[in-house]
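Both of the next two complexes hold chain A, though its partner changes from chain B to chain C.
Up next, the complex of A and B:
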């Protein structure tokens, strides 16, 4: 995930800003980390360079 | 070897679980790419394999993001060099984020006789009338599209283009048909949706 994405990402639940915590990055992008809503505190994981912006109740692997 | 060590079905059938580029993808990609400038920020909704996003990115040199509900699709789009994220339609983007939004939606009416209940079904079916996901998209997309932006939406005659036009108009868009292509059981259309500002 490119850090520029932070300019346009928001919490899917309340549309508030997110705070980025980076665990692992390479030259170009963030590979692992979390995005935390500054309002509701919900945490969205970044894994393998892909942020998972689904609310917790939609995160299971199988389709609904 | 325990059960946990066995590859999951979705891993074995990975390519069967991600919608692969077809006629509809090609028509959307080539029609939208002509309309995108290099300074545009573009979102491809339901990006699937990432084909449309990659094509638009290569043709226009614009920044293109791809969003999908399916984690396997996100991984595949990322492999193509698309900035991928997993989310439900446009729900995780801020107001006025994009100049251009492309969407090849799940549009087939659900088969009444049964469901597959897998990612491919989620990728192709749009409820009883085929328009359920399009309606959810139209409800929220005006928020994330810039006032001078445009949406390129693939619509099939199977999905009822008149009903989609009505839904788009009541969501505050002016609808123009930019391209048409006939295939065996359907005609594919590319709608351009421009916010009316009302």
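Up next, the complex of A and C:
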């Protein structure tokens, strides 16, 4: 994800702002890291450049 | 054989985690069969004046996100299936377009209010598990649309040839529709098949303003705006 996506991203649950922590980047592109809600503290992982913004109850692996 | 595979009830199939797993499983084959944008989406995107942000909700392999990228500064594709998002990422590199991909749920959007100028929400609403979630998802679309923003929404309709349904009925029905993989294996997917009347009613219940609605190729369509008088 591009860092400027932070302008419009929010917590899917309470819609509050997110704090970005970058673990790995390639120029402007963030490959891995986390987004943490400044209100509820929920942590959303960024994996393979794609933030996982699913609410926690949808994040678990599903039965195939 | 088919009966053995389909012992699961409709309540098993409606689970969002189940639907996500199904699309993760079929992502590669599904994506192969989704090469071209729908003409209804092309017509809609021709009619909008562009903007800063476009949202393709239920973007799948990104075939419409790519088109959206030609009319807005920043195209965002959101899908519940990571498998499909990886297909979209591959296509982005192959076809040389730029979009932002989000792994998200259509009923709890991770986007600020009033940010989306152009929305495409096609062939996705019908996969959501129940009426409450479907209306909530439309309410979320209304929340993120900017004051001048417009969106195209579609869902499979009872008017489709494959269903022996009364298109004038008040409500639609739940069903599963098989996806057939190249080896012949079938994978059932949960659908809520809308009647055109109920489709409009759910749009209105969500607070979206409907500019136009029509049935095309067996799908209910509507072009919508966020309501002007929202809080």
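Keep this in mind: the second predicted complex is superposed on the first by the 59 of 64 C-alpha atoms of A that agree within 3 Å, B and C clash if a C-alpha of one lies under 4 Å from a C-alpha of the other, contacts with A are read in each partner's own complex, and residues count from 1 in each chain.
Simple rule for what comes next: a residue touches a chain if its C-beta (ideal position, glycine included) is under 8 Å from a C-beta of that chain, and two chains touch if they have at least 3 such contacts.
Remember, it's a predicted structure, so these values are computed and weren't measured experimentally.
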Which superposed partner A:27 touches (first chain B, second chain C, both, neither): neither
Which superposed partner A:60 touches (first chain B, second chain C, both, neither): second
First (chain B), second (chain C), both or neither touched by A:9: both
Overlap of chain C and chain B interfaces on chain A (superposed complexes): 1-2, 4-5, 8-12, 15, 48-55, 58, 62-64
Chain A partner contacts - residues on chain C that touch it in the complex: 15-18, 20-21, 25, 53, 74, 76, 78, 80, 82, 85-86, 89, 100-105, 108-113, 115
Interfacial residue positions of chain A with respect to chain B in the complex: 1-2, 4-5, 7-12, 15, 48-55, 58, 61-64
Complex contact set, residues of chain A against chain C: 1-2, 4-5, 8-13, 15, 44, 48-55, 58, 60, 62-64
Residues of chain B that touch chain A when the two form their complex: 10, 41, 63, 65, 69-71, 74-75, 78, 83-88, 91-95, 97-98, 117-119, 121-122
